[in-house]
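Some structures are shown below for you to check.
In the two complexes below, chain A is the common chain; its partner is chain B in one and chain C in the other.
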Partner chain A sequence: MGYQLTKTQMDELFRELSETYDLYAPVLMKGEGCFSETDVVRYGKVTSPDEIVWDRKSDYSYKETLLPINETLFYFTEDTASVPQGPKRDRLVFLRSCDLYGVKRLDEIYLKNGFSDYYYARIRERTKFVLMGCGTPCKSGFCVSMGTNRAENYDLYIKPDGELGYADCRCGELEEYFRKAGAVEARVVPDYAEENREQVTLPKKLSNESFTREIWNEYGARCIGCGRCNFVCPTCTCFTMQDVFYRDNEKAGERRRVWASCQVDGYTDIAGGISFRKTQGERFRFKVMHKIYDYEKRFGYPMCVGCGRCDDVCPEYISYSNCINRLAKEEEE
Partner chain B sequence: MKNEYIPQASKIREVIRHTDLEYTFRMTYEGDVKPGQFFEISLPKYGEAPISVSGVGAGTVDFTIRRVGKVTNEIFENYVGDSLLIRGPYGNGFDLEHFKGREIVVVAGGTGLSPVRGVVDYFARHMQECDSCTLIAGFKTLGDVLFKEDFALWKEKLQVIQTVDNAPEGYEGPVGMVTRYIPDLKFKNPENAVFICVGPPVMIKFTVQEILKLGMKEEQIWISNERKMCCGLGKCGHCRMGSTYICLDGPVFNYVEGKNLID
Partner chain C sequence: MGMDINTKKLKKNAFRVSKERGIGAARIRVPGGYLDAEILGMVQEISQTYGNGYVHLTTRQGFEIEGIRFEDMEAINKKLQPIIEKLEINQEEPGAGYPASGTRNISACIGNNVCPFANYNTAELAKKIEKKVFPNDLHFKIACTGCSNDCAKARMHDFGIIGMTMPQYDPSRCVSCQACIKGCRSLSVDALRMENYKIVRDTEKCIGCGVCITKCPTRALTRSKKKYYKLAIMGRTGKRNPRLGKDFLVWADEENIIKIILNTYRFVKEYISPNAPGGKEHIGYIIDRVGFEEYKKWALDGVELMPETILNDCIYWDGIHFDNQGK
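Entry: the complex of A and B
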């Protein structure tokens, strides 16, 4: 059901929703950017629409709301392992169309591929998604090329518009909040990005031969292996296990998992000093091929959702989208 | 839903010392396990490491651990009368059906013998279930030889070539890389031959080359791939090669598939 709300009703809606749900949305973190005196837009808890950054894409994706950057799997004392409690409240996660497609990728890995992940599942089943529109598409995204510009499986769509607000509610459980806020029924269609500045053509004839192309060495020479592209990516899911012990009680500690990057040293190292991808070129190839080839081979659709965040964040100005276009072009030649 | 990350404490029943660096830990475990599968073994504080099953007994499972990393170092220091945390088994392991009735050749390098030890031992005890069984096992030096007691039994039952890369002067046993002994292998019916290669990546590469030179087909060769595995559950991503998760789809592969895996 679609609704129109006044500014006051929007505030009321958020207040009411916050009573029951934890609302996670992109917020501006002042001075917390990578470089001094820079800001960053990341996910945080909100209780009003004004706290949310609506007019630009978040620098980091929604991913950390489902998959914390570091997550305690269990605490150990001498003989026991105790699992920390899951989220106490249901949550609403505000995100863009490309990111909602990203959730499908996270689900594929964490709920399906082999085993179902206990920790992811218990957050995921308490999560609903609120779509944010892309009436003015972001500069670096190429969602239209990836077919991820029109997500329809949202629970709620919300758009503030000056003194008014619009919403489309597709979740029965959430309808009552609109009645309570006194919203008027209206026909609301989400703003979708119809055209991007960046356009990407996926190579169609990738194969094992593509792994040895010269292009990987070229990008490898520029990449410094910082891993930022992985951390901002809404579809990267890797982690590393880590045991932590407390200084004040050496008998107690915890096992955590922490986000990992396939671009950073150590990712493939095994005991005995063997490392399987030593060069930055191999690692870059590993990442790109996963996004546009290897994942699709296993699951039937590409991994990349075209959000463009990796291009935004790269300190070496490596353009992943341009790399894909070059691969496609090389194929034609 | 089962929380796969929670390990179980498993009592150390016995420790067999092979060398200064390699011990076999015989651990309590009830359940089905195949040779070539692996467990995540851990000590709180030091983390987890994937270790392959080197033997399966009644209510026990063996892990042959080489002291080469943070976790394994710690296991060597802290095992006495104690238990380790284990979870698993994970991975496909070796399916004995592929080898029954065949002329089996196992080529193993160093600790690579661990994952395949269960297969060798099975056929040593059930010779009637295979046509023949040959083991070519290579170690760096005589001091690195693993499973010495097993070798005594295997040498009675199987054709065993136990070679060392570097031997002291006057040593009369086989010397040199495992690959050196492959060209001399004789088969009653080459089409019925089947090979298992386990060891460091370079060793697998050259061993497979030698086997193919014998005129064998790729589908007659099985390999086991060792990779970094933080979870064993298809989640952490470290072991992935192309579209394949070694922890879920492997670590044992027929070479027809295995040759296409790129790191």
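Entry: the complex of A and C
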């Protein structure tokens, strides 16, 4: 059902929702960017629409609301282990169309890839998604090229518009909040990006033969292996395990899983001091091939959703989207 | 009729007596070295009208318009007026040029307007200090530099203000990638290590340069809301005993630094040698003469430091002494 709300009703709606749900949305973290007097937009808890950054894509994706950067899997003592409790409240996660397609990728890996991951599932089950519109598409995204510009499977769509607000509610459980806030019914269609400045053509003939292309060496020489592209990515799902033995009593501790990056040293290290992808070029190749080839081979659709965050964050100005276009162009030649 | 010019007045008015008789140079101070490009055109016009068409970019980030004739000084001062106004220089008499030259232009590195390493807006602070100290005939050199790289050579100044930031660490965002550790080791002082997969900062070693923060890929490390500064004092070049400034305050705040600078003006007025040539004596020599303890008393008058500020109680300067052949 679609609704129109006044500003006061919007505020009331958020207040009421906050009573039941934890609301996670893109928030401006002032002064917390890389450089002096720069900001970062990343996910935080909110209770009002004014705290949310509506007009700019978040620098870091929604991913950390479903998959904590550090998650304790269990605590152990000498002879027992205990699993920490999951989230105590349901949550609403505000995100854009490309990111909602990203959730599908996370689900694929954590719920449908052989077995369901207990930790991911218990957060995911309690999460509903609130779509944010893309009336003015972002500069670096290429969601139209990736077919991720028009997400339909949202629970709620919300758009503040000056003194008014619009919503499209597709979740029965949330309808009552609109009645309570006194919203009037209206026809509301989400703002979708119809066209992007960035357009990407996927290469069609990638194979293991592609491993030897010169392009990887070129990017390898530029990449510094910081992993930012992975950490901002709404579809990267890799983690590593850390067993922590408390310093004042090494008989107790915890096992954590922590985000990992295929670009950072240590990712392919195994026992015996062996490391598979030693050069930055090999790692870059792996990432690109995984996003547009390996994943698709297995699940039938590309992993990348075209949000463009990796392009925005790279300190060496490596454009992943340009790399894909170059690969496609090389095939033509 | 011979040329009758008061060279002392001329120098105070920011002109220079050159080695060529009758010819001088006009000096334009640009606090923080930061200016509207429009001023470049004004400098050009003065140079081409009254000078020899050449301008020296001074080591203190001003302009020195070469080859001007002393008889044109008044006309040049009129032409300098829009520059002085645009740069918001404190002035006693409009149209009369710069009112003093003893306290040197406050210089600054490019700062956080542009530089990824800088921890604050250096030009803004330079201008703020300029407003408080200028015009003044005492020989003070002050520089603002964005980080411990010290591109502004702040340690060669009486007061070197070096930007710092207190790293804020959120372990729940840390992925143990060690980019901060590697960055600190290769670019700074190696103050970070990993314990139980989390970062430990050696607070004794950390110089607050902020490199770790720029390297962090997840925003686990961020800047402190408060801006911090290191105040290095009594560095100098010169013929007798050039030396690097030493840290007086570490993790200090802007207001107290300005207070200390103003207190130092009072100290110098009290203790400057009556025989100082041109009324100028390096502050460091005055401190050498009267003792650091006495200086400290004056400098810290009315100063209430923040709890985190480290005050170095004793400072000994070394530097080069020529009485032992520079050894």
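Keep in mind that, in the parts below, the second predicted complex is superposed on the first by the 333 of 333 C-alpha atoms of A that agree within 3 Å, B and C clash if a C-alpha of one lies under 4 Å from a C-alpha of the other, contacts with A are read in each partner's own complex, and residues count from 1 in each chain.
As a working rule, contacts are C-beta pairs under 8 Å (C-beta built on N, C-alpha and C of every residue); 3 or more make two chains touch, one makes a residue touch a chain.
All figures in this text were calculated on a predicted structure; none of them were measured in a lab.
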Clash or fit, chain B versus chain C on superposed chain A: fit
First, second, both or neither for A:Tyr60, with chain B first and chain C second: second
Chain B versus chain C as contact partner of A:Phe245, first or second or both or neither: both
Partner chain(s) touched by A:Ala260 [first = chain B, second = chain C, both, neither]: both
First, second, both or neither for A:Tyr166, with chain B first and chain C second: neither
Angle at chain A between chain B and chain C, C-alpha centres, nearest 10 degrees: 110
Greater chain A contact set [chain C / chain B]: B
First, second, both or neither for A:Ile270, with chain B first and chain C second: first
Partner chain(s) touched by A:Phe94 [first = chain B, second = chain C, both, neither]: neither
Shortest CA-CA distance between chain B and chain C [superposed frame, angstrom]: 9
Contact residues of chain A, present in both the chain B and the chain C interface: 242, 245, 260
Contacting residues of chain A [partner chain C, same complex]: 29, 31-37, 40, 42, 60, 68-70, 226-228, 231, 242, 244-247, 256, 258-261, 264-265
Chain A residues touching chain B - in the complex, by the definition given at the top: 73-74, 76, 79, 81, 83, 109-110, 113-119, 121-122, 208, 211, 237-243, 245, 250, 253, 255, 257, 260, 262, 267-274, 276-277, 282, 286, 289-290, 294-295, 297-298
Complex contacts: residues of chain B adjacent to chain A: 1-7, 9, 42, 44-49, 66, 68-72, 200-201, 226-228, 230-231, 233-238, 240, 242-245, 247-248, 260, 262-263
For the chain C and chain A complex, residues of the former touching the latter: 112, 116, 118-121, 146, 163, 165, 171-179, 195-197, 210, 213-219, 222-223, 225
